[in-house]
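In this document, chain identifiers A, B, C and D correspond to the written order of the chains, with residue numbering beginning at 1 in each.
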Amino acid sequence: MDNNVNMAVDFCGVNMKNPVTVASGTFGSGMEYSDFVDLSKLGAVTTKGVAITPWEGNATPRVAEVYGGMLNAIGLQNPGLDTFISRDLKFLETQDTKVIVNVCGHSEEEYVSCVERLGECDNVDLLEINVSCPNVKEGGIAFGTDPKCLNNITKMIKAKAKQPVIMKLSPNVTDICEMARAAVDGGADALSLINTLTGMKIDIYRRCYTLANRTGGMSGPAIKPVALRMVNQVASAVSVPIIGMGGIATAEDAIEFIMAGATMVSVGTANFHNPTVTSEIVDGIEEFMKSQGIKDLSEIRNCVRW
Amino acid sequence: MDNNVNMAVDFCGVNMKNPVTVASGTFGSGMEYSDFVDLSKLGAVTTKGVAITPWEGNATPRVAEVYGGMLNAIGLQNPGLDTFISRDLKFLETQDTKVIVNVCGHSEEEYVSCVERLGECDNVDLLEINVSCPNVKEGGIAFGTDPKCLNNITKMIKAKAKQPVIMKLSPNVTDICEMARAAVDGGADALSLINTLTGMKIDIYRRCYTLANRTGGMSGPAIKPVALRMVNQVASAVSVPIIGMGGIATAEDAIEFIMAGATMVSVGTANFHNPTVTSEIVDGIEEFMKSQGIKDLSEIRNCVRW
Amino acid sequence: MEKISADIIKQENLVDDIYSMWIKCPQVAKDAHSGQFVNLYSKDSSRLLPRPISICEVDKKGDSLRLVYRTAGAGTKEFSLMKKGDSIDVLGPVGNGYTLECQHPILMGGGIGIPPMLQLAKELSAKGIDKDNISVVLGYRDATFLLNEFKKIATVYISSDTGSVGIKGNVIDAVREYGVEGDAIYACGPKPMLRAIKEYAYENDIPAYISLEERMACGIGACLACVCETIDKDEHSQVNNARICVDGPVFKADEVIL
Amino acid sequence: MEKISADIIKQENLVDDIYSMWIKCPQVAKDAHSGQFVNLYSKDSSRLLPRPISICEVDKKGDSLRLVYRTAGAGTKEFSLMKKGDSIDVLGPVGNGYTLECQHPILMGGGIGIPPMLQLAKELSAKGIDKDNISVVLGYRDATFLLNEFKKIATVYISSDTGSVGIKGNVIDAVREYGVEGDAIYACGPKPMLRAIKEYAYENDIPAYISLEERMACGIGACLACVCETIDKDEHSQVNNARICVDGPVFKADEVIL
């Protein structure tokens, strides 16, 4: 058997050495995990959401463990774009991997300013726009759950963006395909999904919400079936490439997302349980390809069709 | 310490000895589980969805295991109302517990005919209307995800129903409170939630969907945080009583739902893992009340407020 | 049916990925007979559904059951790592099992469908049918297992996918090749094998009792996950669907559609 | 920081719900010192997040760490059931730990905040500070644990919630009651106790180094779950929030808002 497999993928014209990246917010900007993983092993690093100015985030407790996953309400704490550029992007310049910068904002203007400034940064390959902030100007979660708002903000961002734009979709909607189409019609070059499912935990002894924020975003293996279903539906509704995520913890999980239609996959919460998981997933995909005689991921991408 | 605790609850005028029932479709009509549980220990038995005529259900495989839960696409196979009345209701007559009959249909007319015939049955205490059938006349899942359709079918059912009507809500929506209000405005006496979250599993070796139906409804502990969040939101949006469900597997889980605002709780998928779980949950709630000095569940119901 | 925690008395690897486990479970063993199965529960919280495993042998005096299984996925893998003295949750016995009305039975087991044939052969033997009149046709993938135990009480014919033992082919190939005859067929194995047996039984006009498999959730008749299509309307379901877990797993081949 | 699978060398129940566990983990032990912690991982798949546990003792020669913990919930309960010879996944050492610049340290531990004081006392003692000059004030709920180990190297004062040992009250009550004096405070314990210590340190104008707790997800500085509010803008976050896991868990009391 010829053992050469090609794990490289082209994502919006960016050539990734493999389809594995990390889910924004679970990996910092890679620095903290570089003790455990050689970042050059990853197709790309996706950074924690960054805004034009520093954000404080929510009160603590910000996280709670749930069965097979966790809730988080970090509230998008971030050091602001200046520090991000001078420290985090600079660190990533030294790493042999692509960079996807996740962007958040309180208003359309903030998103756009952020995207404009990032246009000047050489080592930003792609922009991922997080439109599921719990705390945005226009009627709360509107960007993430109202197709018109989503379409509009996508257009505004695309008008200024220098890098390809990935819109990140919220799963807390009745019709994920409608949201996907709204983003693509607005010019999105790619989509990433899913962000977290809104959940809750109650401390029955103290009779209060476990999270200071009351609700939090659920992530981890427990949400994988919902994520996979949405990726598969969206893959047949639109034709832009997809970054699939939600509960990926093994190479087999990653392959499921690729077969469902994802071009790349992000590993999030699994890093918290096993800091070397991303590297193991890269190796596992390669092994799977070899054992199944798959030479290129295009042979299996979207092979399970809606 | 005075050890008398009152677990009884009044649900739409029906007096239940305790707040524990079973989730429709996971317990047959109780017969199969009576080897394991004394049904008289339960507040009520909620029966598998029944339609006016027998339904074949979906092709197999109908179930798949997922992390912390399962997917099902049974497709509401049921023996039809005649057999249900002459066999299942007759069996339940011999049991000292209340009966909640879960109703499904392909069209509004089918729901209504079913509800009318059940009006003649003495030992039906409550009707639970499943409006998240994967396979209904009016544009698929419309009843469960479109507030107008939900409002309309609730009205039609209420016009004919002799027993209190519980509308069972689907979680696959952007705004669960909007759905809850639509049902209550239509006259619903109570709500039950959540039904299953739509999910998917892929068999990566055979490169196909694991379920014949492609997608299935996700249930089990993995969905609990989403269910709890929705129950808590709905409890503050409407004032009818709620049956809370979704991943309940322990007495602590049940208490969380009660604190979130549920008057009753249903145990579903957990029965498959542990057939005596319902009885253990009843005992566990009693113990919790004793240890925390709670005399009546009204002291903690909805104590964690949105 | 009872659900209990059973002690593992013996665990051994028979060959390749096939394991044999004896468990002590008086409440389950006392009612158990051939063709029935038990539900085994994983200890890992990510796996909540029971794993149905056929009864390979019943030792009523020893209050114990033998289960022979293949490590197909994570659940059976977990079972295979358990050791003597560990405990495992088990529910059973479940299902109808085989009826023993016959004089010259032909037992056919394919792959991991072989183990349940052992208890059946033992029961037929105990009923007084002698070795010459119990034909057992075993279809292996490659390496054999349980073979000597069958040889003690039955006349054994073998086929294998690779041809490494017996004739190369499936159990029906072996039946034809060796001219095996009888007045009833009892079978367990993969669906294509069962289809071939159904056809063979029809051609030869002898009854065939086949054991079916399907994905299960409750494993006790409540959830309607595990159905197979029936020729006639099923009494319980009122449609042409029977539950494999409690209405089966054994069906007359001419009553189901495969 | 490394994540490894460690062997449990010793596991014992100290008192009530308090357990002591020695684990062999050369890669972790070699860099470990007082005030740092490790992340322990549950084997059960329903519990994926690490459990942070302070280092109670470091045995560099023995390549091992001692962890003393209370069974607060399902994760610590699982740890308490593990036995000598079992393995447990551990990541560490994490955090800044205590700085040892002082002549007359006062160590204050409350409840499950007592264990990390032991390694600190040992390090101070090893630095040459004699028994009379190391004051240790221990606040127990009721029954004592680790007490004799402290007595070997330090002057110990005790308070307890119930008054069953030492003076009835908290550690600050004991400090006032016994007139304990020193040039630096090192403390770990529940928030109300740390608040009282912060105030006491301010009044007496001595530095207090306090160890904070918060819910964690990554346990290594990446997720921003575990923050505490800081008086000054934090260098890393650019807001008034520091990460307890890697910027702490030890902070100067006058630099954080409790």
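We adopt the following convention: contacts are C-beta pairs under 8 Å (C-beta built on N, C-alpha and C of every residue); 3 or more make two chains touch, one makes a residue touch a chain.
This is a predicted model, so every value here is computed, not measured.
Seen from the Cα centre of subunit B, the chain whose own Cα centre is farthest off is D.
One inter-chain figure worth recording: subunit B and subunit C are separated by 36 Å, centre to centre, where each centre is the mean of the chain's CA atoms. With centres taken as mean Cα positions, subunit D sits 57 Å from subunit C. Across the assembly, subunit A contributes 67-69, 221 as residues in contact with two or more other chains. Residues of subunit D in contact with at least two other chains: 45-47. Chain-to-chain contact here is organised exhaustively, every possible pair of chains being in touch. In the complex of the two chains, the subunit C residues touching subunit A come out as 45-46.
The touching residues of subunit B, counted against subunit C in their complex, run 25-28, 32-33, 35-36, 48, 54-57, 60-65, 67-70, 72, 74, 77, 79-80, 83, 220-221, 269-276. Interface of subunit D with subunit A (complex): residues 1-3, 41, 45-50, 91, 214-228, 236-241, 246. The part of subunit A that touches subunit C in the complex is made up of residues 67-68, 221.
The touching residues of subunit B, when paired with subunit A in their complex, are 66-69, 71, 145, 172-174, 197-202, 204-205, 207-209, 214-215, 218, 221-226, 228-229, 232, 247, 252, 255-256, 259-260, 288, 292, 300, 303-304, 306.
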